[in-house]
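Next come two complexes built around chain A: one with chain B, the other with chain C.
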Partner chain A sequence: MSPTRRRRQVALVLATALATALSACSTGGGGTAPAGGATGTQDAVDAALKTGGEITYWSWTPSAKAQVEAFQQEYPNVKVNYVNAGTGNDHYTKLQNAIKAGSGAPDVAQIEYQALPQFALTGSLVDLGQYGFQAFEDDYTPSTWNSVKVGGGLYGLPQDSGPMALFYNKQLFDQHGITVPKTWAEYVAAAEKLHAADPTKYITSDTGDAGFATSMMWQAGAKPFTTDGKNVKVDLQDDGVKKWTSTWNQLVEKKLVSSIPGWSDAWYKALGDGTIATLVTGAWMPGVLESSVKDGAGKWAVAPMPTYDGATPITAENGGGGQSVLKQSANPALAAAFVRWLNNGNGVKPFLESGGFPATKADLASPAFKDKASEYFGGQQINQVLTAAAGQVVPGWSYLPYQLYANSIFGDTVGKAYAGGTALDPALADWQKALVDYGNQQGFTVTTG
Partner chain B sequence: MTTTNSVLKPRRSPVLTAVMALYLVYTLLPLAWLLISATKTQQDLLSTSGLAPGGTFALFDNIGQTFTHDDGIFLRWLGNTLLYVVLGAGGATVLATAAGYGLAKYRFRGRRAVFAVLLGAIAIPGTALAVPTFLMFSNLGLTNTPWAIIIPSLVSPFGLYLVWTYATEAVPDELLEAARIDGAGEVRIFLTVTLRLLLPGVVTVALFAVVSTWNNYFLPLIMLSEPDWYPLTVGLNQWSAQASGVGAQPIYHLVVTGSLITIVPLVIAFLLLQRFWQSGLTAGSVKQ
Partner chain C sequence: MTSISPPVQPRSVRSVRRGRGSRVEGRGWLFVAPFLVVFALVFLAPIAYAVWLSLFREQVFFGGTEFVGLDNYAAVLGDGKFWESFLRVLVFLVVQVPVMLGLALVAALAIDSARLHAAGLFRIVIFLPYAVPGVVAALMWGFIYGDHFGLAADLNEWLGRKVVEPLSGDWILASIGNIVTWEFVGYNMLILYSALKVVPHDLYEAAAIDGAGALRTVVSVKLPAIRGALMIATIFSIIGSFQLFNEPNILRSLAPNAISTFYTPNMYAYNLSFGGQQYDYSATVAIVMGVITAVIAYVVQLRGSRKGA
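For the complex of A and B:
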């Protein structure tokens, strides 16, 4: 199935799912926007762990199976039913459907940061503050902790993080005498130089990926989405957004970015053969390159994400998420205990072994992690760059309470500008309009900048 | 002049032949791609051109991996699909045959109303009904069970319409009268006389139902959350989706090989049943 067609179908499903979720909420079905800020102690969680029981866990993370096995070995009186209900949107659709249906949701689910506000604000998740989990704040990087907090409540514990960096094909850069760009202006210049030297090569590929675009806005200091639960502000014309588009427009308009869709088989191929020379993405990317782009071994290297002034190192988060406890859970204390073990206990080890990039400060700072030389990256100690990035994320970002839907229609609006090689700003205005209309239909009060 | 065109020796049209040849290539190209790609390792799949063979011939290795990956879940999906096809498509065929015959050959009040409802049902795509069906089934507590797939599959408005039309033409009223006069009951008439006459139509309906159940994607996608109940379509999509995002684990070679294995039974069904299928399609085209 073509990515566009798939996206449309996903958009349809997500729209329906959220519509039903929110209508349930507005008809007073009990699911009101959470007040947040509950406080309590971990005693209930410890007691539940002693008593034991059975819970269900939905996740598609590569380490989930190993983690569940390790947990059950440590706590033989707890049975965890692990279900891989799908990757990304398939998972969220099923989760939303089960929430709407009132039964069938798991006790614990993996939820990415971009999707968390949607589930938290519709009252589908347990505020883990009631189990005293607020105490873990200092264990996590500020950006990931901020991502699991919605309206004062704590709706999950972070598992991984994706501080962004520049992954580049060093072999190709050396071959064409291109230096590693420190600023976005240099990045555009590198794009021009590379494509002029070899027209089959592109600095990167971008067909309109909402996750990437929002992360780029984040780094540029934009705050396009703000919400207090019921009121939402969408402003895709703010200075930060314009800062990003003034750079990215140049690449799009001059057709300096490849139109190979991300995550397709052609994309993996292009990463290996040098057609795509750089990736500006989250710190979890090395694991993917190592396991699935074997042809790129020894070619790739990591550098800090380019910035606008070339002086202060700043970055943004891309991807990553945590685990949350669902309101439907019959045993939320036990579910919370599992989440605590996963992301603040022995569960972190299997996660790291699977090649994950953690959100926990202690693991990020441990010499074993930080100083490890990566064979794939020609012996470079890539985690030194990546862990430094984890502390340089611009604070204060938030996603829309319907970000999944928003991302799914990004291709229909902004994607056209990418395909046609025109400025992104008018297309972003179209996206904004669609987001305002949709939000208002869903019962939010949406304003613009 | 000796060149006369007859029914037995129709005139050849080079243009038409060329168009057909082009269409044949167009139809077979994706199949060829699938067949060739299934013989490649993931490495070759990502580094060689689509229609060229890869460095190593890995078809059997791929098939082996497809059936053993993730504790052999593919075999389970294959079994699920067969279950849904046998019970769902099988049931749909039985119901459509019985009801279509009944509507064609018995006069009763409300026949016209049934006809109107039927036409309406054909006009509404199943996808549009998926979400309401989901909510209904979740109220009944049937989501995430095989029934959520089998029960909706039992309804085949188009199949019913086809049998209705076919029965009107293929089952002469005189024959039924004769059987009744000979003392046969209605059930016996249906089982011994009608069914034989209806066979080409029934096979056509069965084939339609098998194909649509085999390829059913959207309904199981939203009904099922437990991978143990997935049919092949949803399972393969899950494998394919695994290639994107944080922690991506592409297994394109298994997705491709799995797709090839998935279409083989359908190809066999078509080859075996095509003569019935052809005669079924032309039903009613000639007034006898």
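For the complex of A and C:
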């Protein structure tokens, strides 16, 4: 159980670095515990940039290395030590340990939206409002900006976003005469038709992924998590959640979803050979498909996420995150300057070049980005679908202040329903109970619906 | 600096002499001091720190740490998840350890019998899995077990339906047992074999003169002679079973719904601390598990040595 051994085994298991990097994400925000809302100007940041210095940056995004190199070229007097401290949970575990130890944390760290409240509420991050960064509000999509704000404080700048869409294997759909589903009812029908026509094929794979489940609840209009200071409400039985389970139960109970775990080697293979016909996921998926599912080239296409009424286009965020400055930083102004450059300056260019899906409105609207024809997707201008989705995200969602922990125990409770092919609702009630218990132990006052 | 240190040293030695009264005793402490310091730092301090931690409850979100006395212990003893994980490793222990030690014993006796051709080769081959890092072994077996790819998938395809599902909830404990057995049979075999090697030859000669056959020699000479080694192997295996971590933790990525975050007590402690930041409760789980392991190992040892006497 030594840290090195653990690190090595995680590195081995999560050999699919890029994929997991993008997968383990979800959006967050909405907590109100710390008394945030500091205001200031960017003068200190500009001065720090002029003086120069040395900072450390932890990130696992595919563009991090190129970005650090470009930054140092532009500002030779600043030295950025780039560290890939692991992917997803591994990264957060190390970050948490360094914070707890009181030293050893980086100046700047990548933190996903779903994890941000946890770090902000524990007082580990610098409120960037003191450097006048609220001025950037209009540069970002509302949902991503909302995700980096916790309790009125600004705890990071958004880098990417993951408005959800339907990725489907067009070749397979054509072969079996299946039309692209516009509603979830049609999606279930397509699942039945496909599996009946070829029992080795499944509409999608889902072994119980907390990030996906919460995004689906989000799209259905659920608000299962609300936080107001120390008061947390967990309601996994609200109408939105039930709307989602009434659809998804059909797929789980009839075993119409494949049990191949996401991000495993088998999963990539299944995406390439048609075993998994669709993915409902974030806009960062094309990069993953292109780099890790080479067999799928020319087969896949993108359509808007199915809805419940089939009329109003509506979607949710899945994944995405930004960069934050740690309280431990000895030079927070310089660290903030780096974050500003990354996500509101010249750093966006290398990010886009590595296939990232931005959070900045200007880049989302630029014709060069929007109208780019994707070779992998048979020439389809996929960003038209995906950027449209970015404007159709249901507002008002928030994650739990302890979402990382919540996701880590999702399999203990809801996973059993997926494994056994039973209704998700009782399993979600078990999850809720575990979340209430944990929150109360941690000093929150947790209530249920 | 160098001009200051010489006068200091004699004075400190003298003071030690004076304080101790007996010169011999004082010198003795000086000699064991390096060991004691290291022992205290790497052995006593962590245990003391864990015990210290277990008496508090920290709420990471609001920065409060309160002294709760033995509350954490009461909570662990009433924690269904803890007992579920404990019972699981207990079942694992009762089934897997006898199987593994039985196989190891047979292998050791076979190699020692001198009737085996290329005994050296067998010894190495059986021992080899132990040299494979546990993490790599679990990954490798994960691929064999995979019912979407791997050997299990091929077998199912050949049989025409899903018969073998090593990564499903019903099978997973046995699958883990299989990995652990594969890994440690060779190691235990070596312990037993080295004990067999030191059995005095006179005993065999005496047995032969008394007309004992091969089987009788095994039962009446070899087994009693290696009782001590068998006891050591058993105690190692008990401790190993209670500390089960690597194999289930790695297979979890392939069987996320069959292996929970509290599948074994060690996984529970790990996930409490690194998933839930409940360091205090995690320390309590570790201590309780350590005490239980020590008690069981001690009882086994006591029983074993009484029989031997």
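Structure notes:
Note that the second predicted complex is superposed on the first by the 415 of 449 C-alpha atoms of A that agree within 3 Å, B and C clash if a C-alpha of one lies under 4 Å from a C-alpha of the other, contacts with A are read in each partner's own complex, and residues count from 1 in each chain.
Just so we're on the same page, contacts are C-beta pairs under 8 Å (C-beta built on N, C-alpha and C of every residue); 3 or more make two chains touch, one makes a residue touch a chain.
These numbers were taken from a predicted model, which means no experiment stands behind them.
Once the two complexes are laid over each other on the shared chain, residue contacts for A:282 go to chain B alone; chain C is not touched. Once the two complexes are laid over each other on the shared chain, residue contacts for A:441 go to chain C alone; chain B is not touched. Residue contacts after overlaying the shared chain place A:385 against neither chain B nor chain C. When the two complexes are overlaid on their common chain A, residue A:93 makes contact with chain B and with chain C alike. In the superposed pair of complexes, A:364 makes contact with neither chain B nor chain C. By the touch criterion stated above, A:265 is placed in contact with chain B and with chain C alike.
After overlaying the two complexes on the shared chain, residue contacts for A:101 are found with chain B alone; chain C is out of touch. Applying the stated contact rule after C-alpha superposition, one finds that A:303 touches neither chain B nor chain C. In the superposed model, A:339 makes contact with neither chain B nor chain C.
Counting contacts as defined above, chain A residues 9, 13, 93, 97, 100, 264-265, 269 meet chain B in one complex and chain C in the other. Those residues of chain C that touch chain A in the complex are listed here as 57, 59-64, 135-136, 139, 146, 148-149, 168-169, 245-246, 249-250, 253-258, 260-262, 266, 270-271, 274-279.
By the touch criterion stated above, chain B contacts chain A in their complex at residues 42-43, 45-47, 131, 134-135, 138-139, 141, 143-144, 218, 221-222, 225-227, 237-238, 241-250, 252.
Across the interface of their complex, chain B is touched by residues 9, 13, 16, 20, 58, 60-63, 83-88, 90, 93-94, 97-98, 100-104, 112, 160, 162, 262-265, 268-269, 272-273, 282, 284, 287-288, 291-292, 294-295, 319-321, 354-356 of chain A. Listing the residues of chain A that touch chain C in their complex gives 1, 5, 8-9, 12-14, 33, 89, 93, 96-97, 100, 121-123, 207-208, 230, 259-261, 264-266, 269-270, 401-402, 404-405, 408-409, 411-412, 415-416, 418-419, 438, 441-444.
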